[in-house]
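Okay, so here's the structure we're looking at.
Just so it is clear, A, B and C label the chains in written order, and each chain counts residues from 1 on its own.
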Amino acid sequence: MDERLVARGLTRAPFGRFLLWLVPWAALLGVGLYAAYLCLAVGLNQTNMDNRFAFGLWIYLDLTVIALGAGAFFTGFLLYVMKRRELAAVINSAVVIGFICYSGAVAILAIDVGQPLRFWYTFWHPNVHSMLTEVTFCLTLYLTVLAIEYLPLVLRNRQLKTRPSMLVFEFELHKVMAVFALVGTFLSFFHQGSLGGLYGVLQGRPFAYRGSFLAWPSTFFLFILSAAAVGPSFVLATTWIVSKVSGRSLVKPAVFELLARVSGSLLLVYVLAKSVDTLVWINHTSFQLGVHPASFYAFAPFGTWALFTEIVLLGLVPALVLALPRSRRDSRLLVPAAFLACAGVAVNRFVMTVQTLALPTLAFDSFLSYTPSWQEVASFLAVVAYGVILYSLSFRYLNLFPQERELAAAPEV
Amino acid sequence: MFPWSPEFAWDATHIAFFGALYSVLATVALTLAVAAWRARRDAREGRAAAIAWHGDFHEMPASARACRHQLTGEAPGRVCENGFDCRHCAEHPHFEELRRHDATPDHADHFGFDLPLDRLYHRGHTWVRPEADGTLTVGLDDLARRLLGTPEKVELPRAGDRLEVNGPAGRVTTRGKEVRVLSPVEGTVVEVCGEGPSATLRVDPGGLSDLRHLLSGAEARAWALRELERLQRAIGSSELGAALADGGELVDDVGAALPRDRYDALLGDMLLEP
Amino acid sequence: MEAAKTPNGARYGMVIDLDKCNGCGACVVACAVENNVPPATERATERNGITWMRVHRIEAPGEARAAFVPMMCQQCGDKTPCASVCPQNAVEVDPASGIVAQVPVRCLGCRYCMAACPYHARSFNWWDPEWPGRLTETLNPEVSTRTRGVVEKCTFCSHRLQAAQDAQAASGGDAKPPAYTPACAEACPAGAIVFGNLDDPESEAARLAGAPGSFRLLERLGTGAKVYYRTERDWVRRQADGPTAAGDGRTHG
């Protein structure tokens, strides 16, 4: 029924089946929107956050999806600036996913703050010394850049591109895309870093506090590195998922190999940097603040196994699998390794947000725990549902994977 | 936010932060503005058709963009990067010299479709015949006609319309699928003769017309063979019953034998609108 | 450790004698009444209710001895963890008085300052503040109420400082920063809380703060807090530093 909107040469499920696919996600979106409405109308008491856990599930997941969404800027950087043309096969999908991640994070932030209508205060009365100011500006600008990068994809829709005005604008926009890719790289560098800086500057939280290099704590650089390292893995993982769900071959194996190689080598650098940073922190920084590092891991369930899991199991192991050519060529190892790398970043962000707040700062403080309320979980699931719906629409009506047509055609005789 | 705001201070952090902010804002706004301005200029100067063809051309796979000189052997493996517009190709004259000019064979019909060799062919499956009065007659070739079958709707240019090489020269809707036809020449349409896919146009080129980008004679035969190969591939092999038997004739309505989405892809492949 | 003096201003501070505090909580109540802290809602707990002041009960490790530590915003000095992190500049450190003021009308409710504060001095308005029925008659007209979704904390009763400055200006004005008493110090029946200008060598607070045996909480973080504590009990003194590996108040390194 909507064949005229689907790009030529691509086969898509019948319209009825597509609608059926959307229904559960729309339902999830509805429930989540209701939960978000409760938080806005009744107040943040609908969450299980409190004065001790001022940041909860939302901030943690925001940081995670922003780190995973780094695949958009990094793929763009590799393609437009480093001229790795193979990545043209996934750049469209990466941009859509990046847009979903960032718009979702901004949406969650709008519910998370106590007075969302005062959002413009940060822009009008910015505190340039605060990492969060930097994050706010960069995120907003970068979301704009992502929208600009998304636009040509939409304009190239089969029906839209027949309109001459859309066609010429898309053409001219595409010619200058490298500028946006560079701006996006610059902005991403800073906000990924500042998100790490948020915690590294907390001199009142010895667990999170790190020494500085230039103006920024080490977590600034570690967050950038981990985001850049995991970005390509997330692009790989999502492409694999879409491929399985749609039952179609979307990219040639060489593309996965390139993504894996980049991700693996960067991950190795990150694991090294993180290990050095951890050693400095354990042996020097925390003592300077008068805290013995063993106290950080004295409370169940955040034992030292958490550190080991983050750096070794979900860091070094996937890094090696992705970086070594032999294991990279086996998709049964490569795909799980990409997922593990993404999980590693999720654990790292969790440790920096939730564990930081759980640990006591005063001697007569206690270790506290926090479980998110259903409203918090549902609101976030609404973002996931929004992402699936938007991506499904994009996959159906836009040519997200340029190699799909080639791979679907019969092989050369 | 601004230097005159009460909270502003002229220190390193403020200068760095706002310097970066305003630079980024300016870069993004300026780049967008430049793209928009260029787009308006393109539209005003009528470059939309050329841009559309440029986009379509580069979306086609390399196998569909074989240089004519690959087809006739002087340049094995060469892929066209010029939108099939040999008039503006730097290497074309050089390859033309290398080409062996065999005697033009008679009306050749052993492809399963008609390919009269008294005319010139465009890669988009249209033919051009220069007339004695200086006009050009343009029509769809037999392969295209058999591909299109009996279309529901054929939109042709009207008398007085201006055509340009590789610009649109009509749209055809057949079996619910749409495809545009590429114009092989530039000029003004003088007359439209007939209707449907067998219609022809009489085009006034407005002076001497440059037809170097069109294929003739032995070139056209080499090209037709390659097109049959591409057709075979585009139809697909084992899952479908349809095939091109050697020595057989192409059916009058190719679309009848294919599932709709394969037909859609086929139209795009053969008529160069991916 | 003396923090730097503010230029031609005061540096108001507090000294709390932990040996006099008996944990009665009068300071907490007085503060709440003075500063229009809204009554707790039905679902409020000690973790999400609003208290500008808290009294912690601490125990000697392994012994049946207890002490009480009244805690409020420690009014940090040069390196205020909260002021530097607020994205909207909603935390103002007044150079003339040293008071770390919270600006609720500027607050976005992002709670970054709450994550930054090691003393857990800040409370968030998780609910809409409500004063049902005639409870509105208990409101202090000198202190503005806050809305839902903003952060609030102890301000050293800066409205009383304002009133004192106004009175001083009206009566012909003295160049010297005025003395005033916040609600908690006023209410304490044991006289455990002494408040004054730490830069004025003649004030009781300055004398006590500088006397041997005065200490601040989490001194090694270098926050420059202006709330000092005094005690002669070692085990209490040791709990002024952060948590340790053993969690028993001993410090390492």
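Just so it is clear, a residue touches a chain if its C-beta (ideal position, glycine included) is under 8 Å from a C-beta of that chain, and two chains touch if they have at least 3 such contacts.
All figures in this text were calculated on a predicted structure; none of them were measured in a lab.
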Report summary line: Relative to subunit C, largest Cα-centroid distance belongs to chain B
Query raised in the report: For which chain is the distance between its Cα centroid and the global protein Cα centroid smallest?
Result: A
**Report entry** Of A-B and A-C, whichever chain pair has more C-beta contact pairs
**Finding:** A-C
Query raised in the report: Cα centroid separation between subunit B and subunit C, in whole Å?
Result: 77
Query - Chain centre separation (subunit A, subunit C; CA means) in Å - result: 39
Query raised in the report: Tell me, which residues of subunit B touch at least two other chains?
Result: 7
Report task. Send over the residues of subunit A in touch with two or more other chains. Result -> 125-126, 129, 133
**Report entry** Residue numbers of subunit C (touch at least two other chains)
**Finding:** 89
Report task. Within their complex, state which residues of subunit C touch subunit A. Result -> 41, 43, 45, 47-48, 56, 58, 69, 79, 81, 84-90, 106-112, 114-120, 122-128, 147-151, 217-223, 238-245, 247, 249, 251-253
Report task. Under the touch definition given earlier, write down the residues of subunit A that touch subunit C in their complex. Result -> 43-45, 49-52, 54-55, 112-115, 118-119, 121-122, 125-127, 129-133, 136, 198, 201-206, 287-292, 294-295, 298, 356-357, 359-365, 368
Query - Complex contact set, residues of subunit A against subunit B - result: 3-4, 8-9, 11, 123-126, 128-129, 133-134, 137, 141, 144-145, 148, 156, 161, 164-165, 167-169, 171-173, 175-176, 179-180, 183, 186-187, 190, 402, 405-406, 409-410, 412-413
Query raised in the report: Across the complex, what residues on subunit B touch subunit A?
Result: 1, 5, 7, 13-14, 17-18, 20-21, 24-25, 27-28, 31-32, 34-36, 38-39, 42-43, 47-48, 51-52, 54-55, 59, 61, 63, 176, 178, 229, 232-234, 236-237, 260-261, 264-265, 267-269, 273-274
